[in-house]
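Notes for the one structure printed next.
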Amino acid sequence: MSVAPLNTIADGYRRVASLGNPILDLSPITLLLSIILVIVVAVVGSGWVAPVVVSVVFVGIAYLAGRGTRYLVNILKLWLVVGLLLFVLRALLVKGETVLIPLGPIAVTAEGVDEGLRFSTMVMAICGGVTLFFALVPMRHLTLALERLGVSPRASFVVLASFQSITDLGATARVVLDAQKARGIETEGNVFVRAKAFFPILAPVFLTALAATEERAIALDARAFNSRGPKTSLIQLRPTPAWEWIIVAVCALVAATAIYGGVVGWL
Amino acid sequence: MALATLRDVRFTYENADQPALNGVTLELEPGLVHGIIGLNASGKTTLCGLLRGLIPHFHSGELTGEVVVLGKSLLDWDPAELSRTIGCVFDNPFTQISGIRDTVFEEIGFGLENLGVPREQIIDRVSAVIEELGIAAIAEKNPNELSGGQRQKVAFASIIAMDADVMIIDEPTSQLDPEASEAVFEIIAQLKARGKSIVLVEHKIDLLAEFADTITVLYEGVVARTGPTRDVLGEPGLEAFGVRPPEVSEFAWRLAAAGKPLPFFPVTRAEAARAVSQRIEEVSRGDRTA
Amino acid sequence: MASSGKFASLMRSYGRLTIFLIPIGVAVNFVGGQIALLLKLPIYLDSIGTILVGAICGGLPGALVGLLSNAINSITSPPTFGFAILNIAFGLLAGYFGRLGFFRVWWKALLTSIPFAFIGGFFGALITIWIFGGLAVGGGAIVVGALTAMGMDLSTANFVAQIPMDILDKVPTVLIVYLIIKGIPKRLLVKLPLGWVYLGKPNPRAARPAEASAPIA
């Protein structure tokens, strides 16, 4: 794998950050608003058609953005784990008059099926929107966009550092696990034996992280982390063009129509 | 203006039984590399913390005595300004990476971003530092996936990019393998060539002998020896303070004790080689008997 | 200037370490959960970080740890976000109990498991009923479903399923928090906002009543 020459890398920062796709380059804020408004369409009304349509639209957007396959895999997993359970439980347990399949003390009722379809598709549409947002927007760009709106850089630090710490402490846990196993701590056996292994693994993970935290605080202080002046950023997000706001307005219009339709009874 | 002046400084960490610094009097001149050496818990890191203003703002405790840094009394310094004026590199490569930047380039620029330096300048300064330290090959890598030696280089780069005139470097090679240590010392040599004032805490006496202009030996919270490198290392009795003299110096003393002193006292291997070849020449010229 | 904003000043008032401990707390929540899964334990143990940070740094940092952990989990499982308020409550409570010294003694720590389990179990069930109509996701939902199938009323089934589960989870959690705090070296306790509690010192803020009530000249 060849390494880009330094000038190319440096020039990259002179330009506005771009992920190479018009959808991926949308401002995180306008994308967020648009997705929320589309979710509104799925939530108002009482049927299962609108949520399914919205879910499909989300898949379409993911493909347009070039993230289709991974998005589809994730969302199908969610449908299976979350959506299916929501549906099945309601189908079986909601009391209704029209019994479709009697199963002893419980029965699959038409009302249950209806409610199951409605609730699970609605929740899945929301899940679809959330998953889509995080599939399209890198966390770094999201925090930058929020900082542009005035959110404190310390808040973005806390968010970004959390993700990194999860990775770091996870790695430490694996090392500690091996070390403790070598010392004779049992991780197999009955539940009490396994439970006793928990503390000897977690405690060193936290305590070493705590000691490192002191050093990290000092090291970051040396990088002017505690300075109070205004901060600049190497990465520059594209200033949001007007047409993105038009997209948001269109979504708002669609959402308003849907709300009206829901109230009036179309959906 | 002296880099730092300490007069009878005593400091005890909160909750500690013993003082960490027990009457330290020291004067450090600017533009030199000052080596600090001593046993663990002899006060080296406390001294660094003091010069940096971590004491008393971050580490609480009892501080007495006079501390003047760059002409201003320590307590008159604004802590944020002092930490901007003095760059620091520590021994643990894993705690000096911010963890919130995705490329080495951005990581090095992090300090400059915090200082509000305009983007163009950041790009120029970071590029310059990357070239200077020869780390262009890892400029696009994720800092969280680098090895210890690579991280330490990035840590140096990050501080150098902030262009402080004073640097405190606390045992930068203690967690690195010999190859990575060499690389770090090359960086320190470059900094020295640029005229930075450096306070360097190290265990590796041979490296200190090579690079330091002055050496201060700390022992149990007091200054046991201080002065130009050659003088401090030339005086016998360093072992009493837990410091092994450089190998070549021991060699020179043994020769002297055997009645065959070298023409001058070497502290580095290069000097030793010169002294020995000079001596061999003298002998073969017949100036001395073997 | 963003760095002088409200969040920044708030963080500054908690000392220099707190802002770095919040990500650690989040990570402990995740790693704790992962270790529990690895050891195939029947409990979640995913709130240890929240309660730990609450106990050593204060309610607000603890609440932030809870909120952030919940939000990160919601990225991959959005329904989780419905329960965010529980995690926030855990953090706030942990700060409250921490300040009162409950985590200094093992049996007092054990006592805190009751309010924690109550919040997690009782309010968890309430949220499940309000937002998810009583049938949410995960293994808990299956238990609730089974109980309902056997004739139990849906709401009752939720409480019956949730509360014991949460007691089983919170009792080890608070004990682990207690033990971990015991293992924190003194020199680090000094730097934590609630460190004075565990060092047995008086509240540094309460030590200046004269200033608070001094007449304005």
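By written order: A, B and C. Residues from 1 in each chain.
Heads up, the rule we're going with is that a residue touches a chain if its C-beta (ideal position, glycine included) is under 8 Å from a C-beta of that chain, and two chains touch if they have at least 3 such contacts.
For clarity, every value in this text was computed on a predicted model and none was experimentally measured.
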| item | value |
| --- | --- |
| Farthest chain relative to subunit C (centres taken as mean CA coordinates) | B |
| Chain-chain pair with the highest tally of contacting C-beta pairs | A-C |
| Intercentroid distance (Cα basis), subunit C paired with subunit B, Å | 43 |
| Cα-centroid distance, subunit A relative to subunit C, in whole angstrom | 22 |
| Junction residues of subunit B, two or more chains touched | 58 |
| Multi-partner residues of subunit C (at least 2 other chains) | 16, 191 |
| Two or more partner chains touched - positions in subunit A | 157, 161, 164-165, 168, 216-217, 220-221, 226-231 |
| Partner subunit C, residues of subunit A touching it in the complex | 74, 78, 81-82, 85-86, 89-90, 92-93, 105-106, 119, 123, 126-127, 130-131, 134, 147, 150-155, 157-159, 161-166, 168-170, 173, 177, 187, 191, 194-195, 197-199, 201-203, 205-207, 209-211, 213-214, 216-217, 220-221, 226-231 |
| Subunit A partner contacts - residues on subunit B that touch it in the complex | 52, 54, 58, 79-80, 83-84, 86-88, 90, 92, 94-96, 98-100, 102-103, 105-106, 109-120, 122-123, 126-127, 130-131, 136-137, 139-140, 144, 155, 158-159, 162 |
| Touching residues on subunit C, where the partner in the complex is subunit A | 1-8, 11, 16-17, 19-24, 26-28, 30-32, 34-36, 38-42, 45, 48, 52, 64, 68-69, 72, 74-79, 132-133, 135-138, 141-142, 145, 148-151, 154, 172, 176, 179-180, 183-185, 188, 191 |
| Footprint of subunit C on subunit B - complex, ascending | 13-16, 58, 60 |
| Subunit B-facing residues of subunit A, complex | 3-7, 9-10, 13-14, 140, 156-157, 160-161, 164-165, 167-168, 212, 215-236 |
